[in-house]
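Each of the two complexes below includes subunit A, the first together with subunit B, the second together with subunit C.
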Partner chain A sequence: MSLTTAHSVVAPSANAKLIAGTIIVAYALISIVPLLWIFATSFKTPPDSIAYPPKVVFQPSIEGYCNLFTTRTRQTPEYINSLGPATGFCDETVRKRNMVIAGPSNFLPRFVNSLIIAFGSTFCAVFLGTLSAYGFSRFKVPLADDLLFFILSTRMMPPIAVAIPIYLMYRELGLSDTALGMILLYTAVNVSLAVWLLKGFIDEIPREYEEAAMIDGYTRLQAFWRTVLPQATTGIAATAIFCLIFAWNEYAFAALLTSGTAQTAPPFIPTIIGEGGQDWPAVAAGTTIFLVPILVFTILLRKQLLRGITFGAVRK
Partner chain B sequence: MLNRTADSVARATPEPLARKVRGISDKGLAWLFISPTILLLLAINIFPLFWAIYLSFTNYRANRPNEVVKNLGLANYRRILGDQDIWIAMQTTAHFVFWTILLQTLIGFTLAWLIDRKFRGHAFWTTIILVPMMLSPAVVGNFWRFLYEPQIGLFAYAISFVSGIPPTDIQMLSNVSLAPWSIIIVDTWMWTPYVMLICLAGLRSIPEYIYEAAEVDRASNWRQFWSITLPMALPFIMLAVLFRGIENFKMFDMVNLLTGGGPGSTTEVASITLKRQAFESWRTGYSSAFAIILFVAVFGLANIYVKALNKVKQR
Partner chain C sequence: MAEIRVQNLRKAFGDFVAVQDSSFVVEDGEFFVMLGPSGCGKTTTLRMIAGLELPTGGNILLGGEDVTMRRARERDIAFVFQLFALYPHMNVRKNIGFPLLAQGMPAVEIRERVEETAKLLRIDHLLNKSVSGLAGGDRQRVALGRAIVRRPKCFLMDEPLGTLDTEFRDLMVHELRELHNRIHATTVYVTHDQMEAMSMADKIAVMNHGVIEQFGTPREIYDRPATMFVADFIGSPPMNFLRFGGGLAKGAKEIVVQGAKVAVPEVREDIAPSDMALGIRPEHIRFDDASKLRGAIYGTEYLGTTQIVAVETADGIIKARVPAEIRLAAGDHVGLSLNSARLSLFDKGSGRAVRTAVHDSASQGRAQHG
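This part shows the complex of A and B:
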């Protein structure tokens, strides 16, 4: 702390800090409002959600979540009265609106599709990415720079442009609207991110560790497995989360290449409709469930965020 | 450079032992590790790209796979470059890219500069600000349709509360002159944190002693900002602009969900045109040609830009 005197010369004044802090807090609060509104709307009843002026204080209800997970049909009051007592809260709420639950909605299967495709493609991308990154990091690969740039350039194409030939190819191969097809596609898109990020992480691990291991009689492969991988764990985990977030959030490919069995949540959520238009509480409920995992990951990832979003170009 | 120690040890030991030390040759291992990725990219990216190039010279239509495919030569490309609608779409895209990048850079840099004042709790608020950019543009963009609803939407209500305009008149998505801005607003809301984060890294990369030296020389704060802060953060700002530029040039999901290109075609950016041509009109050959043109444009522009970026870095 001998530099404190020098440091204090440049440190912002207390006033400057106060003004900066106020503006930042104000921006943060305003920018978070749409997200809070999603969360609030998910606990509103449909009439409350479309009230004018917009309701900030309301009686919370889980009707949106009920509507998200079920499909309902309108029935006459006589018919509803003829039914037995309501089973559970959702049943009761729905009956108050002169409806009965007809069955489960497609939300759960779509959500499960999202999970399978996101985790499947992340696993593949990180697996391939780790191997390639190690290859590029430790060996003299001919045309390494060109290959790395080629890997990256695959991300510059507009997704729709990629989707046209993929659509035709998948139709020929019978991969249209299958989880396997989507996993392959997302792996291909994500592997560029994985290679670039992981090469950065592996470059930072000193070669001396492997060399020492190899002098001790390990083969190159064993040295990779026993010394490099354990040290790259943080990097691999961060990379995996970035791949996961991409695959989880992806919309364009999913909207164009899946329609039923393999459809993921992002193209499904906008299609949730109630009677007479979009069922906003149900949409908000689906959105909330969909966003929560990402929120958790973002907080876990704070420190690696910068690196991930710039393909490892900015490390700090 | 390659593990010289291990290599020399391996070379010095008798043959059987050397093999044990080396295992698979490094060259073999390198290819073993890299080739799966390359193969996957060849199958999922490069092969389809060549297929698209082939299709772009034909009149193929994906909804009529049994029709005879005619070779049209460069006719598709000629038609695209002469097509009024395509040029309008390119202008819409340019308008969108220009304004989003301008707003995001200005706001993002300002926020980063303010956060760099290091007030108490800045780390926490930075994390809060970063949240929107991690979320799915499609899912969140879809919800903005609700916020934009003329009467019941929170956005329209807030604007009318501040400005006094009746909330039913704030037709963000269906008014021809407002619709492009409705997309720019959501994009700016979502991606300003991205630019901010990169700018923040730039600001933090400036060594403290430069400011100390400037302070000793009695340079004013204003002067310090223009001669130290901005030039030294410039490569980072340019990097953020590059990433946002490429992303927004490709923009599809948010626009598709917010306006679908409408009203009319006022918000029809290139990706939406491409989708309409390829998956609604099923003009596969024609849209492939357009896709190739777009790809060449992004690739070319990005390359020129990266050269400029490297020049700035070297300065």
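This part shows the complex of A and C:
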């Protein structure tokens, strides 16, 4: 390799590859440390979790998970001794701390709320987004550019800026603290992202496909369903992941608009901290479980996600 | 199969007029080619016949039925796109059978028809292959298969050979014409390639700026161009133009070009004095030292059996196609003799051809101005 060669066409040298590889691996490790720490903490006992210096090697315990899923009351040792033998592992663990299980905690219903609201709003946003993106892509929409800008403008302000009007509106409409209200809200926020992303993907599909189908005897909707949609699956999957991640992680609106029946996991998890001391293992357990759905979804659709991230960067 | 009748068709996109007052008839079973440079309105015309665009004015009749405002799927036509538009998520069999599925045809019958069509196009061995792995020529055949499987009233093709490389293109030109000879389907074929048009068409319409400049057989269009545009667009190299002034009187048999008298076919109309042009194809020019029309050799292009010789005259470069054996050197002075029976006269103002004796035998080669 000579110095006169243009560097854009030169294959990277072994050294350059090594350096680049090292940086990437280091970055990956740094990124994953907090996640690993959360995962490790979820299996620590409360004393281990606040030990100083922090314990890297420890005796694993599922106390955090027991505490996450239950509510407990403190009792005198005499009362606990008067009870029968422990009914399960969690019961036994809790009794060692002079407590008894009073009932299930709210974590499970909150987690289910998160699932319903995140997946529900993702479905609605992608469904509406696909249809409007198709419309913008294929038809002469009057003021199309202005409309697209208007749609995008809903994402230009922080949630807190519109929080109060939305809070008042929702109270009037009876949508406060309802799953429907949260689905509508997240759909409204995500639909702009979905329209813009999907318009890009659909623009890439030549319209000859639908025209051929329409000449061959199909209606426009049938042509869309049979020729455009199958080719847009990559884009739809990538868009769905982005929408899901947003709806799943959203905290500000959820904290403000939900308090009881429709509360999602993000505002619920911090409330664990307050219950009887700083129960970090339970918080970590909640966070760990909270990560699972996104992790599974992302692994299943990782190819499409990659395509979504590099979208527009590579021409076919 | 059916005839296609286009009457006063017009299409405007805002202020831009893509097609102006076009009228033509494609007879039942005819292979009709619309030829013209890009942006001349040929594809727009085709898309209006297909129902993919709605005309601003005029009528389209398919087999005597007015379909001007009908939806594409109600017209019973087939369309072959330039990029083939094969569905990448279906294999060859499903692609070809797709139009039949729309009609709700039973699966067994679809299978039979698809296989029959594939045999006709010699792609029956590819039926279960994915379309994305096919070579250009085979993709083209699958696209044709999807068009003919339904046995529609007519075929519309939009530059279907445009993306193939030259070798395949010549083969497909031959195959397309052969296929047409077997199934005799009314076909409208759009192209900017004059070789494709000349070798396949029964009738050609040459279009420019949304106007049909000439409608006729390949022979009429080549021998008796109706306008200077057609004369210039068809032929390689194109027709030469030599300026001459003054009008023409009915019955005139001679004109003066660059001080030389040139015999012309008997003029059949009176033309008021204006700028005129004499059009002569390169192969109708011979070198003749006795001729008063003279020039100096500018350069030659050797083509094997013939050579194209550029001659610089007082009125610019004239190209002649002469036998390859003639030895010529740049700078040589030569006399040019024109084959009077094969030349055309044009009114430069309107670009229109002057009626002469060469038009006597046929009346179809007329220009249609909007």
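Going forward, the second predicted complex is superposed on the first by the 283 of 316 C-alpha atoms of A that agree within 3 Å, B and C clash if a C-alpha of one lies under 4 Å from a C-alpha of the other, contacts with A are read in each partner's own complex, and residues count from 1 in each chain.
Operating definition for what follows: contacts are C-beta pairs under 8 Å (C-beta built on N, C-alpha and C of every residue); 3 or more make two chains touch, one makes a residue touch a chain.
Because the structure is predicted, anything quoted here is derived from the model rather than measured.
Engineer: Of the partners subunit B and subunit C, which touch A:270 in the superposed model: first, second, both, neither?
Structural biologist: A:270: touches subunit B, not subunit C.
Engineer: Looking at the overlay, does A:66 come into contact with subunit B only (first), subunit C only (second), both, or neither?
Structural biologist: neither
Engineer: Is A:230 touching anything from subunit B or subunit C once the two structures are fitted on A? First, second, both or neither.
Structural biologist: The second partner, subunit C, only.
Engineer: Per the contact definition in the header, classify A:179: touching subunit B only (first), subunit C only (second), both, or neither.
Structural biologist: neither
Engineer: Mind telling me which of the two, subunit B or subunit C, contacts the most residues of subunit A?
Structural biologist: B
Engineer: Thinking of the overlay built on chain A, is A:214 touched by subunit B (first), by subunit C (second), by both, or by neither?
Structural biologist: Once the two structures are laid over each other on A, A:214 reaches both partners.
Engineer: Which partner does A:159 contact after superposing on A: first (subunit B), second (subunit C), both, neither?
Structural biologist: first
Engineer: Identify the partner contact of A:262: answer first if only subunit B is touched, second if only subunit C is, both if each is, neither if none is.
Structural biologist: Neither partner.
Engineer: Which partner chains sit in contact with A:193 here, subunit B, subunit C, both or neither? Use first/second/both/neither.
Structural biologist: A:193 contacts neither subunit B nor subunit C.
Engineer: Check subunit A for residues that touch subunit B in one structure and subunit C in the other, and list them.
Structural biologist: After superposing on chain A, subunit A residues 211, 214-215, 217, 219, 222 contact both subunit B and subunit C.
Engineer: Over in the complex, which subunit A residues touch subunit B? Could you list them?
Structural biologist: 6-7, 9-12, 16-18, 20-21, 23-25, 27-28, 31-35, 37-38, 41, 49-54, 128-129, 131-132, 134-136, 138-141, 147, 150-151, 153-154, 156-169, 171, 184-185, 187-188, 191-192, 195, 207, 210-211, 214-215, 217, 219-222, 245, 248-252, 255-256, 265-267, 269-270, 278, 280, 283-284, 287, 290-291, 294-295, 297-299, 302, 305-306, 309-310, 313-314, 316
Engineer: Given the complex with subunit A, which residues does subunit C contribute to the contact?
Structural biologist: Listed in rising order, the residues of subunit C that touch subunit A are 50-52, 71-73, 75, 77-79, 81-83, 85, 87-89, 98-99, 102-103, 146, 150.
Engineer: In the complex of these two chains, what residues of subunit A are touching subunit C?
Structural biologist: Residues of subunit A touching subunit C: 206, 208-209, 211-219, 222, 227, 230-231.
Engineer: Applying the document's contact rule, which stretches of subunit B touch subunit A when the two form their complex?
Structural biologist: Listed in rising order, the residues of subunit B that touch subunit A are 1-3, 5-6, 9, 20-24, 26-27, 29-34, 36-38, 40-41, 43-45, 47-49, 51-52, 55, 62, 111, 114-115, 117-122, 125-140, 142-147, 151-154, 157, 167, 189, 192-194, 197-198, 201, 204-205, 208, 211-212, 215, 236, 239, 243, 246, 249-250, 252-253, 256-257, 270-271, 274-275, 278-279, 284, 287-288, 291-292, 294-295, 298-299, 302.
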